[in-house]
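Just so it is clear, A, B, C and D label the chains in written order, and each chain counts residues from 1 on its own.
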């Protein structure tokens, strides 16, 4: 296991830096919106996690790389002390990008030293948590970067060749899968890593339902738009309708109409909308309105979990109709690690699956992602149920 | 049934006016906050419901009392046309209070005429819906009025003798009731009236749990406050902690500290906090934080529904840990009536039970009340589970 | 002088109540916007001034009518203690309107007693200040009332017969009066009452200028509107242009277009815009943009003061191009009275003249009114200069 | 003259780049607050001015460097077309810093070509305007950079050796200079360059006054702070007092208290406050409150202009008590150049003099700088008058 852990550490850490290869120094700096962070911050924050949660506690004599970094790169953990305001991440010109890479290298050297010695179960668990944490930030790094680049009227290209651009359902035939009612067991049931919010396998009663084998495409969503979907309050939740009007939303994020044709910004630049590609970057409000317009609904997270083994999933985070709430017997861990998930269990909706931006090896049937219903900036899509 | 309906109509309508007996003309006018409405508006809006949904459609030759009222007293129904901004209800000095009472009388006369004739099932259903609607506004009238009067440094008295002031648990002994796991049937199962959001009885799997027989008292909550409950982020959801800090919340609504003693505004004026009385006017954030501090949690809405027959309930709206979501097979009705409940099924939490301000005959085991987690102005309290 | 003072007191106080004759109780309550106040508040606040500044200090043994009123009806005076938030004046349902009139009567009785005795110069000065203060609030009472009534879709009538509705230039011939350059003396030069901000007569150098004998009419302003005045940034100050766009301003306050015709709300109800009547309810931004479009400019306050004896003035508050700043040797008085004017000498523009809503006997050539450049709710108009 | 112009062009352009020598690439990117801009933007915007106002019009066959730059680097000029939102300058990662330097070089090459040919008076005037414009941005580049670096808890150093850090009055003796009343001529009277807002020499009548020979020091201001200056409303304009309370202002910008000692961020890093150095980074509200506390006042802009030849000035922008208004006969130029100054003549105060950050050769006795009264981020200080 130890060798695997060392290798896993190396792989995850290298993948983060590989994602940054196409960037200019300038790209590392800005924060376009308060819920997104600069690449520089992601690079440092995941490193800070290893330094603070692991090296400082488990490697004797370890000296922190820079005392200020605890303040600058603590994302949320209130237990650990003061932290920079989330909204000010984009004004921190120092440390420089070069210094952040030095920081990463410094921590990697000592992590290698630590992992070369005896590794307790507790330590292994923490390292695995740190790696999963870094994988989460790999996805955020991509989605946050897309947000910044999309604001630039020059529509800069991140990578020309990428599955991040546009992809399609495995099978273009639309089908309904049916399930009868009954008690099902849900929650993480394996022996590997999972987050605390997936734990405690438990029974749930599911009514009979049908679920679509494919995700909604751009073309299907365009039909909704052309049918006046954004102008008819009947399709929308009251709060969704207020959101549409306040922000004058007329399309998924990154879409723009030029002379009657729809284009969208992709990480390969501005492109005409491909009607056969899978829809992305919609909010829960939009997903729900589209489903209602179709005379369908979104699946619950447990319907999804039960049905998923028979579905082609992993291309979009799929909005469910379930609010993000604790599982029975959910217990908040002691200390800073306990602030990971439980603090956010109100006013968010569960997304299931994974997306084209999710790192390899970071998806599970029981995985519970969650965002506020108005967020569009993830690679989020729609699967219908009824 | 017809006689009963006429009588029921008369009873409900009169009770609304009885609630207003202690008011001065000035009290009918202001709107203290955008989510509360002036008494004058409540009086007229419930009347508008009968006029627009019933008289205009079912009483031939009926002439509306005043064309402007549709605009002024439509609360939400987007189907029915333009409506005044919710936040401007308090600046409408006309119609006067006297004119609003004339409006009520006008509608009552024609409703009596209508109900004296043949009453179809459809009509009866609409009248019963209108009466339940008016009962909901009876409670809102009281809670909104309390909000306005409480802002006045003169602490005006609404009624000296009232169960609205402070009340106690039936039994002062605290006890846990235990329930085993298994499948239960939930939802409205009777033959009477219920709202669309309670409909479609269905199975749900409930894990084993314990629930308290009594509601949390002011004294118990004071202990939380004295233990620094509002200063320790560990007890709070992240969003709750932000709410505490942004609004500098230090106590339930209407509480104020004077020279080290806690007082609260009640509808009988300013009074010292009674430690044995049942706690009221807490938000979901506070309820959840208190429960966490106690090492407990809030019950789910289905745990509550299963346990309630054995509980003393009806004194406070009890925050549950359930988000307000549609039941399986929930269907939105056609037309304006369909805008009643379904539009609000996101970002709100379910409260179960009823309160001292709830009108008689307007409570059920299956009743689902719902509010945003930051609202304190209802008579809302806490029951613990674990 | 004493007899005159008693009579003056009586006259001013009665005129306030006469203005309120056409009101319903409901009209006294609401506050439509934070810079306007309810009639009830005006009635009480001017009375509080006499009670606090005069009776409590100069009438031995005087007992305050109600201790809470100091908190409720102190408008600004920070010296005197806590005061209710300005924005919450409309939610105070108590004291009732009846109680406020009792308060007025109470104070009037004791003021009569006080004025029947020996009246020192200091006391006389304070009474005269109090009366001028009440006259200012008489005008505000009208303008604030108009704001509230105008929001009501029923367009209620305050008074059918009134010079407040629409009026015309004395002479419909437009003329330019010319003045040569030179040193002029400005500031209040008489022996009567004036505010501190008019005091200290001093020299000023005025360049040669021309000024219009008549005020701009609705018809002239309509020409500006029809020429696209609100759509062309060239006419506007940068801040004015931002104001136009943020609030989507398309006309003076109270104007609305119905099927291509312009109407305006007046205190006699909704009426078609009279092109020959004098324009009212424009902001400084609009006044300045109109002048620029005309190839003219607004007069400075000193140009106005020098030219006014030859003009027909008193129908509109006339926006000048002068910022509201202290005169040389302006000194802030000691104590609460000193908070009257000097505190506001930044970011406001001077208006000269008087309006149809100004109380008789409350206007002077040296009078300096002042408002933020975005305010439209006074009877404010435009006189051109070049 | 032509040779001089070429040389002047070269000098000013080089000085801008010299100011950027100490920067890292990261420092060029962020925008800390909407009224400040990133160094990258300043570098490009001043270049855009030469390209758009001069090369495109006066150099035949000139091809723009990049079409997108007009959108990205137009600061205000509404005449010229769409422009990026001011608040989004910090999220534009492209063009890169390297590309911006290429842009500068490109424009410099063609400007050199243009200036090597025949230079009309109109062209010369535009070039001189462009150079003065660039000098203004040199100062803004420094003040905006200071704002960003100061937010960084690492307190980065820009330059260790700099007059930008702390400087002193030429003569530590405080003295009053006296002036009698009378008519004075003000406005720019020379033959060189001046802005449109200084033009049209005209008479003004000045009352007798006294003015201080030295600027207020940190030590003097600390005395105000220690006397409770920020806690006593009596010293403040009403709007200033609201500003103090809303933003919890307790000191000049960049000051922080650490264990009872005051430090300030300077461009050489964090340093203890030097009581003998000249006070900097105060708002007009603070300047006015300090003066009032001292029993003095701020000079008017004309008092300053008359007295300045006898004063040691040029170290701080000195707040005056004059609002920024047009001079008599001020005329807005035709076209885009006309948007330079006149658009901003409302709600701003005049500052006179120059500061340690002002570029050499960019100061005059008649120079009128202007900012909103709440701005602290310029090197602004206080000179007393009475």
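One rule holds for everything that comes next: a contact is a pair of C-beta atoms (placed from the backbone, for glycine too) under 8 Å apart; a residue touches a chain by one contact, two chains touch by 3 or more.
These numbers come from a predicted model, not from an experiment.
Shared contact partners of chain A and chain D, listed by label: none present.
Between chain A and chain C, the centres computed from C-alpha atoms are 57 Å apart. Centres computed as Cα averages put chain B at a distance of 44 Å from chain C. Here the CA centre of chain C is 37 Å from the CA centre of chain D.
Of all residues in chain C, none touches 2 or more other chains.
Applying the touch definition to every pair of chains gives A-B, A-D, B-C, C-D.
The touching residues of chain D, when paired with chain A in their complex, are 24-32, 40, 68, 71-72, 84, 88, 90-97, 148-149, 151-154, 156. By the touch criterion stated above, chain D contacts chain C in their complex at residues 76, 78, 181, 183, 202-205, 207, 233-234, 236-240, 284-285, 288, 297, 321-323, 325-326, 328-329, 343-347, 349, 373.
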